[in-house]
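As structure tokens, the structure follows; a few thoughts come after it.
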Amino acid sequence: MARFVLSLHTPPSDHDTTQRIVKFANACLAQGHTIDAIFLYQQGIYHASTHFDLSSDELQISALWQQLADQKLNLMLCVTAAQKRGLDIKNTGVFKVAGLAEFAMLASDADKWVQFK
Amino acid sequence: MINVLVMSQCSPFDDLNIRDALDMTLIFAAVDQNVSWLFSGPAVLALKKHQQPNNIGLKDFFKNIKTLEIYDVENIFVCEKSLLDYGLNKHDLLIEAKALNFSQQQTLIKAQQHVVNL
Amino acid sequence: MSTLHIFSKPLNYYSANQLENLILSGDKVLLVGDACFAKKQFRQFADTLLILEQDAQVRAIKLADNDKAISYEDFMALTLSTNQSITW
Amino acid sequence: MARFVLSLHTPPSDHDTTQRIVKFANACLAQGHTIDAIFLYQQGIYHASTHFDLSSDELQISALWQQLADQKLNLMLCVTAAQKRGLDIKNTGVFKVAGLAEFAMLASDADKWVQFK
Amino acid sequence: MSTLHIFSKPLNYYSANQLENLILSGDKVLLVGDACFAKKQFRQFADTLLILEQDAQVRAIKLADNDKAISYEDFMALTLSTNQSITW
Amino acid sequence: MINVLVMSQCSPFDDLNIRDALDMTLIFAAVDQNVSWLFSGPAVLALKKHQQPNNIGLKDFFKNIKTLEIYDVENIFVCEKSLLDYGLNKHDLLIEAKALNFSQQQTLIKAQQHVVNL
């Protein structure tokens, strides 16, 4: 069984990329592989906002991440990327504030790093 | 009444660009301005029929594009060359749109007070 | 030694001149998202294009004989069977 | 004297575009022209965050907007763009939450609309 | 009837094929931001390129005889002296 | 120790892309991996000397790029063709960087465990 890290670089308004990383993560888990982290970087950090207000026919961003968190997936965001972009790092929902070094160590130990953007 | 042109050049699911352009077009119509919407490059694919984004959880904004007719937004234009590039003809499109060559696009631009690129 | 090249947008979003020099004949080219609309443009990079089936389907894209529709499980397996992936 | 509206479409991490719209706005005001609105749309809405944490050698995003607000400039953001992108619309600092129609009416009356992105 | 065309990035960020058909000889082409690096690429669109002086200066860009450096006041005046502006 | 390649293709002041790539490169060096950074397209301009973004209030990240040498990050590569495209030669660059032709870039890519495009 392989170990993955996934990184997300696009903002939550990119619904298409969002559904893709979530489906990819679910496929990994379904096949018994390990995902050591999903890491929000660049504009991806805005996914950790707790203030989405989406109508019911829209992709439900927060619910998708919650569903991955419920499976004990390690959801991280880059703190310096967030601070520069105005994200409230005290309220990041299911995402854990982390340093870039933490992710780099996980990526170094992983078999595969797949970028989504 | 002023002439406003909304230009779209992004692919259909590139962020919310097409939907932002749709909102902008509808709102200028709602405040009684003479609004036009020009699709070029991969944006012409936003007018392609039979797409079903709801199958992967995405909003079906093609339904909303169809409402342009209901709201009497009639100045919908597509770049003729871009249709060709993506192998589309007028029958493949969701709504009625006038195909413009480059010289007609120039004329359209020159007639505007405001041009916004979304 | 093959590389997986992942594209999510039509070709005009990328610097094409550079791509044709960095994609080798043994490499895999995967189209996801809006890149599925632009199969013809990407054909120059690989005889067989891999296409994420769900993304192509919702976009009403007809696949040609030399297109290979793949599932998310296949996508994941591809990242394991290639040496490295590049998301352009 | 002319009447302008300006719209900003890039996120606050695009410091270069940010300095440009601010300098353009100041040039308009210095020449005695009127700016009826600066409007945040698309990724631009993130400029209305109140959570920036930027080191002192960075472009000071919030201070720049404050300086324009002090000159009584009408700073607006699109509420639906903000809701979809997870901005906290109850805390938008010097920016006023507005509908797209409000901006469209101002743009219709303005001599010039200049987009920044 | 002239249009102001504003670019902030090098040409590969845009669909060039379309641009050359939409910029007319009487139009004004203004380079700001990182577009200033790419004067050579934009020369095809206008004999005289307008260049936002501050943006060119911080990028250590030398101006040619047929470049016209402009201030923010000039930029603003340009939007008034042309019929419409397009920020590409 | 694994091989990680950071690829930059954005122009210097396009959002924070170059700075994000710099952070990524420095952090992989800090956690003792064999990291390389490849600049191509307009990203080669991020290595151009004498730029002074602080004159318009922007952070002078070129100073930070120079620290790569201090942190012993030595695998800095530029696309030879892109240097040509932007009229730069090696003397115009802030730091020492090896110019690679396309075949050398292919070899570099094939040697990596991870490739990240920022």
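Which chain is which? They are A, B, C, D, E and F, in the order written, and residues in each are numbered from 1.
Please note the rule applied: a residue touches a chain if its C-beta (ideal position, glycine included) is under 8 Å from a C-beta of that chain, and two chains touch if they have at least 3 such contacts.
These numbers were taken from a predicted model, which means no experiment stands behind them.
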Open item on the list: Applying the touch definition from the top, give me the chains sitting in contact with each of chain A and chain C.
Closed with: B, F
- [ ] With one step meaning two chains touch, work out the least steps from chain B to chain D.
- [x] 1
Open item on the list: Quick check: which two chains are joined by the most contacting C-beta pairs?
Closed with: A-D
Open item on the list: Measuring between Cα centroids, which chain is at the maximum distance from chain D?
Closed with: C
- [ ] Calculate how many whole Å lie between the centre of chain A and the centre of chain B, each centre taken as the average of the chain's C-alpha atoms.
- [x] 32
Open item on the list: Report the inter-centroid distance (CA atoms only) between chain A and chain F in whole Å.
Closed with: 26
- [ ] Quick one: report the Å distance separating chain C from chain F, using the average Cα coordinate of each chain.
- [x] 26
Open item on the list: If I count partner chains per residue in chain D, which residues reach a count of at least 2?
Closed with: 11, 13, 16, 23, 42-43, 58, 84, 112-113, 115, 117
- [ ] Can you tell me which residues of chain E touch two or more of the remaining chains?
- [x] 12, 15, 33-34, 54-55, 85, 87
Task: Multi-partner residues of chain F (each touching 2 or more other chains) - done: 13-16, 41, 56, 58, 114, 117
TODO: Write out all the pairs of touching chains, ordered by chain label.
DONE: A-B, A-C, A-D, A-F, B-C, B-D, B-E, C-F, D-E, D-F, E-F
Task: Contacting residues of chain A [partner chain F, same complex] - done: 7, 9, 41-43, 80-81, 84, 100-101, 104-105, 107-108, 112-113, 115, 117
Task: Contacting residues of chain D [partner chain A, same complex] - done: 11-13, 42-43, 46-47, 49-54, 58, 61, 83-89
Open item on the list: Quick check on the complex: what are the chain A residues that touch chain B?
Closed with: 10-11, 13-16, 19, 23, 55, 57-60
Task: Complex contacts: residues of chain F adjacent to chain D - done: 13-16, 54, 56-60
Task: For the chain B and chain E complex, residues of the former touching the latter - done: 7, 9, 40-41, 79, 81-82, 102, 105-106, 109-110, 112-115, 117
